[in-house]
Every structure is written in C-alpha cells, then in structure tokens.
Amino acid sequence: MSVVVRTVTRLLVPLALIFGAYVIMHGHLTPGGGFQGGAVLASVVALLIVAFGAERLRRRQTSLTSVEDLGALMFVVLAFVGIGSTFFYNALAGARGLFGGTEAGSLWAGGTVPLMNWAVGLKVMAGLGSIVLLMALFGGDDDR
Amino acid sequence: MTALTVLQVANLVLIVAGAVLTVWLRDLLASVVALAAMSLLLALQFYLLQAPDVAIAEAGIGAALTTAIFVLALRKTRRKEEEE
Amino acid sequence: MSPELGFGVAAAVLVALMAISVLRMAIGPTVADRAVALDTVNTLVVTTMVLLGAATGLVVLVDVAIVYALLSFVGMLYIARYLEGGLK
Amino acid sequence: MNLATHVPILAIAVPLLGAFALPLLAKVHRSLRDLWVLLVGAFTVAMLVLLAVQVFTGGILVYTLGAGTPGDTVPEGFPIRIMLVVDGMGAFMGLIAALVGIAGLAYALQYLEEEKGKTLALTLMLLLWAGMLGLKLTGDLFNFFVFFEITSVAACGLIGYRVWESRPPEAAFKTMVMYTLGGLLILLAVGILYGEYGALNLAYLSAQIGQGPLDQIALGLLLGGLLMKAGSVPMHMWAPDAYGEADPSTAIVLVANTQAALYGLFRIVFTLYGGAGSPAVGGLVTALGALTVIVAVLMAVLQTDLGRLIAYGAVSQIGYMLLGAGVGMATLGAAAGGEAGFGLVALQGGVFHMMNDAACIGLLFLCVGAVVRATGARDLRALGGLGHSLPGVSGLFLLGSLALAGIPPLNGFASKLMIYQAAFRLSPILTALAVLASILLLAVFVRAFQGVFLGPRRPLGGTAAVPTGMWLAMGLLAVVVVAFGLVPDLMVRHVVAPAAEALWTGREAYLVAVLGG
Amino acid sequence: MILETFEGFWSPLVWTAVAVAVTLLALALRSRGRRDHKKGTEQTAPFLSGEAAPDGVHVGGQHLYWGFVEALRPYIERLRAAHTGFVVDYVTWLVVALAGIMLLVLLV
Amino acid sequence: MTVLVYVLLGVGVVFNALGAIALIRFPDVYTRIHGATKCTTFGSVFSIAAVVVHGFLRGGPEGGTLAVHALIALVFLLLTNPTGSHALARGAYRSGVKPFRAVIDQIERDKR
Amino acid sequence: MWTTTAALALALYLLLVMWSGDIVLWALDELIVGAVLAAAVGGVAGALLWERGGWRMLQPHRWFLLIAYVVGPLFFAMARANLDVAWRVITGRIRPGIVRFDPALRTELGRTLLANSITLTPGTLTVDVNDNTGVFYVHWINVTNEKPSPEEVCGELPVWARRIAE
Amino acid sequence: MRWLRVGALLVVFGLLIAAAGWMRPYGEPVRTDMDAYFLERTPEEVVVTNVVTAVVFDYRGFDTLGEATVLFTAVMAVALILRRWRR
Amino acid sequence: MIGNMPFFVSMILVGLGLWTMMTRRNLIKLAIGLVLVESGVNLFLVSLGYVRGGVAPIYTFAPEGVPTEIPMVMPTPQALTLTAIVIGMATTALLLAFVVVIYRHRGTLDAGKIRELRG
C-alpha cells in the first residue's frame, strides 16, 4: 500500500497494541477482557499484513501458533489451580495475595480472573492472528 | 429513555436493510462490504442494549477480522457470483 | 433541557444520517461507492457511540468508540487493497 | 486432592491439556509426542472406566465446576454454575468413547504419515475426543452447544485432512455447513429456553419446562439440529461424504461423534422434556429411523467406492438406533399403563446397538484403512484378490461385516434382535423393514468382500505390512465384536440396562441429584 | 448366559453349539457323497455362461446383484437422483425436515 | 457553558448531515469521498468536542475519564479517517473507476 | 529505539487510566503496570515505528509545532473545506480533475502528514503518492490550472509539513 | 422442488417469527434469579466489578475453556488445511 | 412502542440467512448466509438480556442506586454471546479455508459444479 498507509500503520501499531493491552488488563474493571483485547491485538496483526504484506510475517507464523499453545495451556493450568476444591474454583479471589485483593474495583483483585484474561487474550490474539496470516499466506507465489 | 427506544427501532431497521443488501448484491465484494456495515450496525445495537463487552468483541471480530478473512478468501478465489 | 437529552437527540439525527449512507450503499454503482458509504457509516457510528456514552452518563461505554475508531480502519484497508489489486 | 471425586472433569480436561501441549511437545521430539499421546489416551480411558464403575455402583455423579466443593450444586436453590452430571447413560457413552478413542489413536499413530501434518491431525483427534466426552458428560445446555461446536470444527478439520486430493475438502465443506447450521439451530433453541426460564441447567429447565408453544418450537429446533448431526435420513447426505472421505482413524471417531449427537437427542427427549414434549416425537423418530434404515441400505447397494459403501452402512445403523429409541419414546407416555416392557427393551436394544455399531463399523473402517494402505485405491472396480496378501485383514473384515449384518452369534445380532422384537409390538411393518434392511446389508457386504478380497492375486500399489498399532486397534474392536456377541447378557444386564433405565425412568433421580430433594 | 428379551430369550452359546453340531452333521453327510468327484478335472473348473472362464478373471464386486438393482431401477434411480451432492440441496433438506419436525411437534 | 456544548453539538450535527447529503448528491466516487470524509470528520470533531466540554464541566473522575476517552477516540478518528479515504481513493482509481467529467486526469497522462 | 515507542505507548496508557489514584492523577499500580506493558509494546513494535527517519520527531519543538498546526492552520483549513463542500453540495458546481504537483518533501512522515492534511482540506483528495519521487496526485474538485504549483492546490500546508517533519 | 423450498422456508420462518411473538415482552425478563445472583454476589465472591467478565471467567469458566478450545481447534484445522501441499 | 421488535429482527436475520443458503449457489455467498444466521442468533441472545431502563452490568463508574433502584441488564446472555461470537468467527474462518482449497482444486465457486460426491 502507499507510503501514507504504511506510515500511519507504523504509528498506529504501538497505540493499538497498548490499547489492546489496556483492554485486557482492565478487563475485570471496564468493558473488555480477554476476547475483546485479543481481538484488538489480532486486528493489529491483520493491519500489519495488509500494510506490509504477509510475506514479511511468514517467519512469525510458528511463534504465533506457539503463543497460542502457551495461552491455551496457561488457561487450563489456571483452571487446574482450583482443583483442590473443584476445577475452575477461583482459589485466589479475596485471598489477599497477589491478585487476591479484597476490594472490588482494584486492579489486583479478582483472583484468577485477570490471569485468565491474559491467557485468553494472548490465545485469541495468536489464534485469530494466525488464522488471518494463514489465509493471507496460502497460495503465495503461483497464485496470480 | 424514549430517545433510546427510537434509536433502537431505527437501528434495527437499518440492520435489516444491511442484511437485505448483503443478500441482494451480486458482487461478492459489495456483499462483504454490506456485511461489514451490518456488523457495524449490529455492534451499535449491542451498545444500545447496554452490552459494551459484546460490542467491543463484535467490533474487533465482526468489523475487522471477518471482513479481512472474507476479502482474503475473495482474493484467493473470484469476485463475481456466477449466474445460474 | 439538560445536555444529556441534547446528546440523545443528536445521536438520533446521526442514526438518520446512517440511513442515508445505507441508501448510497444500496444504489452505489461501484464497490468503491459502497465502501465510501461504509466509511461514512463507520465515522457516524463512532460519533454516535461517544454521544450516547455522554447521553446516558455511562463513562465505560465510550471505550467501545475507541475500539471502533481503531479497528474499522483495518476492514477499510482490506477492501481498498483488494480494489487496488494487491493481497496476492 | 482426592482423585476419585474429580474423575468426571479429569476425563475431559486431561485430553484437552494433552491436545494443548501436543504441538509444543512435538517441537521437542516426535517420540515424546507419541509417548504423550499414548499416556493421555491411557489416562483418559482409565478415568472413563473408573467413572463407569463409580456410576454403575454408586448412582448419579454430579460435579459442579468452580464451586467450593464438587457437590455444591445449588447455592441458593438455583443451579448457578456449570455442572457435569453423569448418569448411567453418560457413563455408557463414556465407555464407547473410550473404546473408539483409544482404538482410533493407536491406529492413527501408525497410519498417518509424518510429512503430511501428523502432529496437527493427532491434536485434532485428541480435541475431537475431548469434545465428544464433554458433550456426553455435561449437564448444561449452553455448554452442550459449545462442545457440539468443538466436535464439529475438529471433525471437519480431520475430514479435510487429505487436502491434496479434491474430494476431501468438498466433503469437509459440506459437513461444516451442515454442522454449523445445526449448531446455530441448537443455539437458537437454547436462547429461547433461556428467555423463557432464565436458566441453562438441564435439570432445572427440566423441572420447569411446560408444554407451551415456545417449548415445542425449541424442541423442534433441538430435534432438527441433533437429528441432522446424527445423520437421520432427509438430512443424512453429509454423512456418507464425511465418513467416506475421512481417514479411517477419523471415521471411527466420527461414528462415535454421531452417536454422541444421538445421545444428546435422547437426553433432550427423555430427560429435558421427559414426557412433557409432544407425543408425536416418538412416532417421528421411529418413522425417521425406519426411513433411514431402508434408504441408506438401498443407497449402499449402489455404491462402488468402498469407503462410501461402508459409510452408507453406518448411516443405516444409525437408523436402527433411532428405531429402537423411537419405539421407546413412543411408548414412554404409556409407560405407566403397564405396557412399558417392550418400549424399554427397544430402548435397551437401541442403546446396546450404539456400542455394537461403534465396534463393527470401526472394525470395517480400520480394515478399509489397511486396504487403502496396501493398494492406494478404494474403488471396488479396481480392487480384488487382497485375500492373498492381507489374510488377517480379510478375516477381520468378514467378521465385522457379518456382525454388522446381524449374523448370530456376533454382537450385532443381539441388539438387533431386541429391536426387532420390540418394534414388532409397535408395528410389524417396522420389523419387516428392519429385517429386510439387515438382509440387504448382508448382501452389500458380501458384495464388498467379494469385490475386495476374493479373486486372483493382483499387484499391490503400496505396502501390505500392517504395523502393530493398527493390529492392536483392529484386534481390540474384533475382541469386542466377538465377546459381546457371545455373552451379550452380561453386557445388557450390567451396563446397558442401567443406561437405558437412566433414560427411561431416571429423570426423577437426575433432577434429585442435581437440584436436591 | 441367556439374554432375556421382552418375550423370549436368546442364548448365543447354545446357538453356537447347535451351529457347530449342524456343521459337523453337514460335513458327515458330505463325506458320504459321490466318489467320482475328482480334483483337477473339468468338474472343478469355473465356467462363465457356459464358456470356460479365461485365466485370472475376477467377478468384481460391482457386478453382484445386477438383477436386483435392475429390477428396482425406477425406485433406486429416484433415490439416487435425490442425492445430488449439491450443498444447497443439503441445506434445503435440512430446512424441509426442520419445517416438518416443527409443524409435527407443534401441532400434534 | 452549556450553551457552548449545544453550539458545538449543533455545528457537528450539521456538518455530519452535510457529509451524508454529499454522499448522495455528488456524481462519482472521488467527489463522494471528498464530501464524506471532510464533512463527517469535521462534524465528528465538533460533536466529540461537545462531549469533551461536557465531560470537563461534569468534573470528577467520571467526567474527566469521559472527556479523555472521547478525546482519544477523536485522535484515532483523525488519524485513521483521511488515511482510509486515501487508500480507498487509490484503490478505486486502480480498480479502474475514472473520475466523472474530469477536465484532466494526470495519472492517466503520466502513464502514457 | 524501543524506549521511544514505549514512551509513546506509556503516554497513551496513562491518558487512558487518568484519575485512577492520587499520585498526581494516577495510582501506583497503574503506573507500574503501564510501565511494564509499555516496555512490552516497545519490545514488540519498537523497530517498526522508527524504521525510517522518524528520529526527527524526537525534537520537542516539532511536537509543539504539530499541535499548533493542528489547532491553527489545519483546523481553519478544515472549516473552510467544509464550507466549500457545503457550497458545492448545494449548488452542485464542480469541475473535477486529477492533477499532479511536487511538494518536494523527502521524508515519509512529511508526505504522510501532507497527504492526510490535503485529504482534510478544501477541495482536494490525495489519490496517489509516488514512493520514489514524492510526487502527489491529487483529485481536485475545482481545477483552475492543469499544471498547478503546490501553493495553488493546498496553500501553506507543504511549508508546515516541512517545518514539522523535516 | 422449488415450491418445496419456498414452502419449507416459509413454514420455518413463520414459526420463528411466531416464536418471537410468543416470547415474553422485550425488556421485561420474567425469571432473573440466576442473573440477580450474579449481579449481587459478584463484588464479594469474585472480587471484580465487571460482572460479564466474572460470568465469563468464573461462573461459566468452563464455557470459556470450551470456546478457547474451539478457537484452538479452528487454528489447528486451518493450519492443517492451508499448509503447503503439493497437488 | 417497540414491542418484541428486536426478537422479530433477529428472526428475520435468521430467515434471510437461511434463504441465502437455499437460493444462492456461490460458496462464499453460502458462508455469508451462515454469518447472517449467526448474527441473528447473537442479536437474539443479547436482546434477551436487556432490561428496560437498565444499565451495563459494570460497577465501575456505575450511577448511584445500582442495582437495587436502577436495574442492570442481565450479564449471562452477554457472556454467552461473547462465546458464540468467537465460535462463529472460528467456524467462518475454517469454512473459508475450505472454500479456498476447493477453488484451488476445481477453479470454480459454483456449488452446482462442485458435486463430485453424489449418489
């Protein structure tokens, strides 16, 4: 695409990234959360693809799927944390540790919820991003 | 509150218009554009229904990513819908 | 008459304007015309969301508008790039 | 941590965990990946068997996810959280899944080729397995939908595994369209029920549900979606495509997946609606079952592609299950009047046939896999004389086809006998149709056997050697086929009867177990 | 070892025993058959329609039940025509069945 | 100050309306992009400015957050809107849409 | 390199979470989290932002110039543009055409700034920018001269763009 | 065939519209026990102010796990389908 | 004034999607129809959760008197819809991947010509 789009993309990418991170980080306080922030981050990947071409991101494809694996694993492991009581038991909520804040509205409250937000956020970002990337990469050279 | 109701009704009509356009247009790219518009209006409707979480998700996924993969799929295939 | 009501009325007007844009989307002869209409709807939706956030007094709703302002750009770029003949 | 109390969730979560970790482990080393698959499979099977033992000895198991204790089901007289509810039927389906899943995995480990995306296919198989288990064990309607979608996506990914050929992607696309549409219908029904009763828990909804028009419409939507996924006749057309084009290791899990949809159907009709639904449902399901049996078998006669032929056979078997369950449903309303006997037997026959069908059809598909591996062809016109080079496989194929056609003393006969007898009481025509279909099925398989294995020796296009893993998978299923045929009563008395009872009269117990006295 | 059904029972072991006995009986009868049957003569050679079969020929699976299929051709052709392999038809059938199911469930 | 809010809002809505009307009235893609982009962007500036003023008038964390978030939305809008229009115009030109009744088409001329 | 990106990200984050606490306007938690996230963003996207000659924007006076430009000339031009469009919408009097001019800008940032400004200002719309030569092709709604100079098309804007970005 | 199509679609569509008409009035849910529980108890039980997030990640966390699995499955399937294959 | 209109609209979307899938032969149009059905279902779910005069179920910056005097809309349907949206995106992506592969093999998107599997 033209130089205008590329430059604006350069400027927008960090802003969109930090905004996505904000949406994930404040998922338990304001609208947002893992899915939404992950979708914002994934559209950053889509933006990069459309502005700079998919070939430039080909090398990142394996790392994206790895991030997705890690996010999914992290989510399951977080769910396993509560298995002393039950699977998915929110063992950290209100427990006064890190993420165990007792006051609703604090950044450090919610037990496993913010952590799961991050897990799902990374997962959704990598997942949707790699779907778009795979679609863009398919067919590559010999296709028109 | 009444203003909100009016907005909801108007927006619902627009959603139906967008959906009809999506179905009606023969050019697949135009169809995708109309789908994106419908998705946009759908997100506004979610917003009016006081569901900001869903609206954000629909914004990210419906407006950006679905359009992206549809356009990519169109690029890999062909644009016009063949006549019967 | 409080400002909130004014914001609500303004939002209603903007929704009516969206209807005009959807009309252009229906009749626009080329895909580019329809995409312009999409762009317009998009800007109007963002504005409407901000106005409604102010109208209902719910601050948290404004975040949605930010996401829209950021993301609909991506969809537009894909369509533009298709028209341009890129994205092989 | 007391492992025994967490058995239901471990049976779902461990395959999921295994699938998530699999691509990472495959990056480390391939043998580690294979080891991990076997480990996860063995653990899951152990959990499922343990679950079945617990349920059949101790009654319904309820596990509330995220609550303080697993038994904390109704915090304020209202089921808030998602629950896993395992009754006899669920445990039975778990056993089927265990059998089919471990056979499929063992087969796939040897059958799939490394350079053609083996890691991804194994991951998808684990995910399909986990989704199937979730579908069978969950007690929450929306959760049911979510697992339905997991199985859909994983199944379609596996069907399209051989992308370098032109037919599998087509089959996968068609299947995907149908599955997604069915899933959306189910979601719509869930929405309607939620709008009416403000709840998603199956037991709670069951206690509340009435006979209003909305309930009936939701029932119609659910029936439509589930019958589609089960492959009942007017909506069965995706099934032969999918089974026929999938790899054998996938196809047998797909069959079990179809049965999981059937289980969902039973669960909806017997537990959720439990008599409150329309009386027409029983007749409808019976009619569709009879139609499925006869249409699928007639189509099977025409096929020349080995995979498609067996696929139509599999569809006709679904018809038998529908027939049995439909007769049960039709007499459920009259159950109080003392006429219950034959309905229950029909239901038992249908439930038992699920297990038998999984084993026979699975065995046949696995044999086809060996044939394809040896020759690279599946067309009956191109095959022949394989009995010389693949004697063991031809024997197993014969065993499976005879069992499927209902030749005594193999297992297919026992369950079909129950269905015939019970359906005769409802309408002799049904039995006549079913027996006719069985005979035709025998003809079909005689034809397949003649075409593939008999005749003079021909040159092979591939390798005739069958690796150990494939032998193990086929042997496991063959043992099941023979054993259940020789001692069906043990199975029926100890496993099938409790499972059918759980559907037939177990609704009260189910509600009590979830909602408390 | 007896599977009790609604109006009877089924014992596969007894059945197997009987089947084995019948097989033995049949073998015994067979052993008392004609003595002039010799291997390697015309008596065991295959014939196709009265002609001597050429070497290595195999009647493939697709040739079986030709008569049956031919007799039922009108029905079977209609059935086969319904399986169009056309995705839109699949969806149509789903909707048709859904309409039928919903009407039946709602009205009956 | 409430009057200011109303004035800004009124101006914004009027310009937005102009944009939509321009979309209908202009004859070809490029002129429509002209109208739509300029007018809706400018109208949004005024509308959102009204919200910002309103937020600051309301004061406190709520009003402040409202104002700042609206401002951020505005900044993103200002960044993305003209770029999107430019990309679209370029795409439209390259896909073969000729400007309507153009007195000169320099790109065409340069290509020759 | 990445620190500047991180700083930009941090600024946006701090704007987003204003009024969260009492260290000026922010809570300590938010500051820490913002720093970490901004560092992460800098690590991921740092190279991208400053890839080609973006260094100039680090000089603070350019920032003030940018703000002054946006509030002053650009805003004024936008207002004029809108009145212009309004007039044309009502009268329907247009004389469109695509013209070429060379504003002689060298950096990508300057070209971007000018292109976006042109799109927002009276009667003009950037259709294409030549990547190598920096020649602008502009759709002009009221062509008065077929070979215009930059000043005729967009007034003082190239000067400002040069002042800010070069 | 064509009339079968149109008729079936009309029947389904009509029944769906009828279902929408038979629903309880829009905006006035009848039974809200579960949601009232979520709204009241979230600040204490899951120390969180966004109730939707609490529902998504705590009360109905298993659904979210399933959803993450669907996404994972889709990515794996797309990677399987769109990998480099030769004809 | 508004009645059950959102429900009607969502059902109309479902019907439109089904109609598209039943009358159009193009594979991508089929996927578009599926997306329409899905949007209809999502709209239906979210509309179910709306409470007249309610506010978003978020306590941060919520107005005074929540939730006892001012109602909050129901959170569960929103959570369900979130899940459904992501699931829908995943299935759409897979569907389009199949479409691309089929086009690669056959060079057509006409469903009437893509029927190698029949009978």
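In order of appearance the chains are A, B, C, D, E, F, G, H and I, and numbering begins at 1 in each one.
Everything below uses one rule, namely that a contact is a pair of C-beta atoms (placed from the backbone, for glycine too) under 8 Å apart; a residue touches a chain by one contact, two chains touch by 3 or more.
This one's a predicted model, so the numbers in the text were calculated from it and none came from an experiment.
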{"item": "Shortest path length from chain B to chain E (each step joins two touching chains)", "value": "2"}
{"item": "Chain pair, F-G or A-C, that carries the greater number of C-beta contacts", "value": "F-G"}
{"item": "Longest centre-to-centre distance from chain A, chain (CA-based)", "value": "E"}
{"item": "Chain whose mean Cα position lies farthest from chain C", "value": "E"}
{"item": "Where chain G and chain I are represented by their mean Cα positions, the distance between them in whole Å", "value": "37"}
{"item": "Distance from the mean Cα position of chain I to that of chain H, given in whole angstrom", "value": "9"}
{"item": "Chain A and chain I, separation of their C-alpha mean positions in angstrom", "value": "23"}
{"item": "Residue numbers of chain D (touch at least two other chains)", "value": "16, 20, 23, 65-66, 142, 146, 149, 153, 156-157, 160, 163, 169, 172-174, 177, 181, 188, 195, 200, 213, 217, 220, 241, 299, 302"}
{"item": "Touching two or more other chains - residue numbers and ranges from chain C", "value": "18, 31, 35, 37, 49, 56-61, 63-64, 66-68, 70-74, 77-82, 84, 87-88"}
{"item": "Two or more partner chains touched - positions in chain H", "value": "5, 9, 12, 15-16, 19, 23, 29, 32, 34-35, 38, 43, 49-50, 52-54, 56, 58, 60-67, 69-75, 77-79, 81-82"}
{"item": "Footprint of chain A on chain C - complex, ascending", "value": "60-61, 63-64, 66-67, 70-71, 73-74, 77-78, 80-81, 84, 86-88"}
{"item": "Complex interface listing, chain B residues touching chain C", "value": "3-4, 6-7, 10-11, 13-14, 17-18, 21, 27, 29-30, 32-34, 36-37, 40-41, 43-44, 47-48, 50, 52, 55-56, 59-60, 63-65, 67-68, 71-72, 74-75"}
{"item": "Chain C - residues contacting chain I, complex", "value": "56-61"}
{"item": "Of all residues in chain I, those that touch chain C in their complex", "value": "55-56, 58, 60-63"}
{"item": "Partner chain I, residues of chain D touching it in the complex", "value": "142, 146, 149, 152-153, 156-157, 160, 163, 166-167, 169-174, 176-177, 180-181, 183-184, 187-188, 191, 194-195, 200, 240-241, 244-245, 299, 302-303"}
